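What follows is a pair of complexes built around chain A, which joins chain B in one and chain C in the other.
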Partner chain A sequence: MSITGVRAVVGVECMKLAAQIKTQLVLGLCIVGPFLFAAAIHMQSSLPTDTLFGRAVKESGFAVSLVVLGFAALWVVPVLASVVGGDLFASEDRHNTWKMLLTRSRSRADVFVGKLIVALGFSFVAIALLAVSSIAAGIFIIGPGSLIDLSGIVRPPDEAWRRVTLAWMSILPAAFTFTALAVVLSVVSRSSIVGIGLPVVAGLTMQLVAMVDGPDLIRRLLITSGFEAWHGLLAAPLFYQPLLRGTIVCAAYFVICIAIAYDRLRRRDVAG
Partner chain B sequence: MSMVACGSTSITANRIEHAIAPTFANLVRVQMTLLELPPLAAADFAVQASCRRLPAGDTAGSGEWTCTITWKDLNRRIVRDTYELFVTSDGCYSATASGEAIGGPTLKNEGGRDVRNLLYAFEGCFDTT
Partner chain C sequence: MTSRVALEAIGVSKRYGSRNVLNEIDLTAERGSVHGLLGPNGAGKTTLLRILLGLVHRDAGSIRLLGRPLESRGGSIAGDVAGIVDAPAFYPYLTGRQNLAALAALDRDGRSSRRCSVDEALEQVGLAEHANDRVAGYSAGMRQRLAVAAVVIRAPRLLLLDEPTSALDPRGMRDIRALARRLADDDTAVVLSSHDMSEVEELCATVTVINGGRVVFSGAVNELRQRAPAAVYLVRTSDDETACLVASTHRGVKVTAVERGLEVSADVAALDAYVIALGCAGIAVRALDRRVRSLESLFLELTRPAADAGTAAAIHDAHHNEASPVLS
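Right after this comes the complex of A and B.
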């Protein structure tokens, strides 16, 4: 594997992604969605009281961002994390281009790592856009009011901003793991539908399992446990254990998924 | 032993009580500020919570709980409020006051302005590890 080779693959994949309507649409929704939500909250009298920070959305723009985070972690992030990762490899099968790609000057490792970096990069960009957009929407439409945290303590805007940013960052390990899951499913199945669809279904199933009052161990071993860890960053005293544990669990899934995906791609016979 | 520990739930009365009591005390302090009443430290309210799971019989687990919160008001009188809680398996709860004692969703401050009654309904999270 060479850095030049990986860089070349990343460059080509980025150009391909930038030209896709799907990518533009998803990133556009990440920017526009929070503004539409904040505007709807601003105009209507009812509040999303069944969500954490839902009662505070008319008082602090940071609460808007956290409501978006709570909703996105449940339903949106698995989609954002899989939409590119689940298609990057399978699209070569769909277009029957593996033979051309793997017989050129780039090694399989170059191609694999390059595509993986692009898949993870897209997940990062999508979540970062959602985070920035939700904070901006909250501040511009509702206002930068102080935030009352999950322990009833008032956090002034500068501290609220820091904590909300950290909360968004805390979901990245779980999001990257969903991307890795999408990559391995895409490589193994050679199907974009499976690569994108199964991680989303798996994510929803994990969320439902986590809601059931079952054994803690099962809930803690789910990738989605990483989506709940931000609660500890908005409490006093702070508690990091869920974040630490969730990151370790996600790292284990990530390594396993990537190892299987690379092994399958390395052994793939494209000559026939 | 380890199987029993793995299968158990970490949503217990003790954890909920230790989470909701300081949260309630902090919210009372903020509420006093919003109502433009004399400020007091959260500890001055001497908040204590006693929680049990609904239906009676279950001692732990997510779902519906009820908590009785005992605290001292500005006049140092002991007040008892009851809250209905819904606790989720990730250690977050939503508490809603039952009865009229705590007031409605909004209150009027000393200046006559409407402010949200933070104690009418609130939420919090605690560490389940």
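Right after this comes the complex of A and C.
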């Protein structure tokens, strides 16, 4: 594997993504979606009281971002995390372009790492856009009011936005793990439908498992436990244990998924 | 002194499950020449080319491309090795120019003096007018041309082509053959798999014939030609019965009566003598067409299934169901 090789693959994959309407549409929705949500909240009289920070969405724009975060973690983030990762490898099978890609003097390791970087990069960009857009939508439409955290302490705007930003960042390990899951499913199945669809189904299933009254160990071993770790960042005193535990669990899943995916791609005979 | 050998494959084997697709194949190609790779469908030509391009992993054997060993798993092929295998495929949502730019970006740098630009390559293959069209709208022939352009921008020293003219119109075929010849003249080694014997005869100096995953011939085309049995001609005369009797007095002439005349198997000199003898005997020759070329008949003999053993006449019969027993 060489850095120049990986860089070349990243460049080509970015060019391909930029040319696809799907990519533009998803990123566009990440920007527009939170504004539409904030506008809808602003116009209606009732509040989403069944969600964390739902009662505060008309008082603080930061609460809007946290409601978006809580909702997105259910299924939007698995979709964003797998929409590119689940297609990047399988699309080469769909278009029958592996033979063209792999005969251009870049090793399979270069191609794999380059594509993985792009998949993770897309997940990061999509979540970052969603985070920035939701904070901006809250501030512009609702206003930058102080945020009352989960312990009932009022956080002034300059502290609130820092904590909200950290909350969004805390879901990145779980999001990247869903991307890795999408990659391995995409490589193994050679199908974009499986690569994109199965991680979303897996995410929803994990959320359901977490809701039922099962053993705590199982809940802790779910990738989606990383989506709830941000609660500890909006409490007093702060507690990081769920975040740390979730990150370790996600890292383990990530390494396993990537190792399997790379091994399958390296061993694969590209025929037909 | 630099070796002239551009491709050296020794003992290459490949199995899919219990099926031996390639069995200890040896293949050598030299710079500045076109090497033909011949064989019937399923002989293993495409698998061999895929292995040489690193797409399929070999189970045994060693391969050196331009003096560098090819890893058996996961390695990359050198920047000056290029190939077209199977039907060319590109990203349909990108334009022809974008596809080529992407491929050029994936090539290693360092040979900029030989490489040509994307626009030059598109110009060379006659796709300049369609460069900004999405590949989704390209015909099979246009995709084949784009694949050739993808090879051209690489300025290869070793080029592997898998039936490159199969999807092309006559003009496209002529262009591809000219390209292969031009690259060979420019000291590139070209390996070309084909079913078209005339194409191989026209382009190739050396040839390897594969059948059932084994090499059944490897050497110069001239050598192959010398080993070839006599060509087969369809002759229509004014008196086929007497013409058969005349043939019985000529060495090297084998005549078989068929529905539309006589099938005559003979080399050119024997055929000339036979036709003259027919004239002397008062028999008019109304038509004389070559049915099977000499190299083609040898190809058929070399690549017939193992169970189908027999004489050249038997092969000949197998391809001409209407044949009646040999008369002379």
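Keep this in mind: the second predicted complex is superposed on the first by the 270 of 272 C-alpha atoms of A that agree within 3 Å, B and C clash if a C-alpha of one lies under 4 Å from a C-alpha of the other, contacts with A are read in each partner's own complex, and residues count from 1 in each chain.
Note that contacts are C-beta pairs under 8 Å (C-beta built on N, C-alpha and C of every residue); 3 or more make two chains touch, one makes a residue touch a chain.
If you're wondering where the values come from, they're calculated on a predicted model, not measured in any experiment.
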Room on chain A for both chain B and chain C (clash or fit): fit
Touched partner set for A:9, first chain B, second chain C, both or neither: second
Touching partner for A:241 - first (chain B), second (chain C), both, neither: first
Which superposed partner A:216 touches (first chain B, second chain C, both, neither): first
Chain B versus chain C as contact partner of A:46, first or second or both or neither: neither
Touched partner set for A:98, first chain B, second chain C, both or neither: second
First, second, both or neither for A:19, with chain B first and chain C second: second
Included angle at chain A between vectors to chain C and chain B, based on C-alpha centres and rounded to the nearest 10 degrees: 160
Minimum distance between Cα atoms of chain B and chain C in the superposition (Å): 43
Interface residues of chain A shared between complexes with chain B and chain C: none
Chain C-facing residues of chain A, complex: 5, 8-9, 11-12, 15-16, 19-20, 95-110, 266-267, 269-272
Chain B residues within the chain A interface of the complex: 6-11, 22-27, 29-30, 61-63, 88-92, 94, 116, 118, 121-129
Chain A partner contacts - residues on chain C that touch it in the complex: 47, 50, 53-57, 73-79, 81-83, 85-94, 98, 101-103, 105-108, 150
Chain A - residues contacting chain B, complex: 49-50, 52-53, 55, 59, 148, 150-154, 210-217, 219, 228, 231-232, 234-236, 239, 241-242, 245
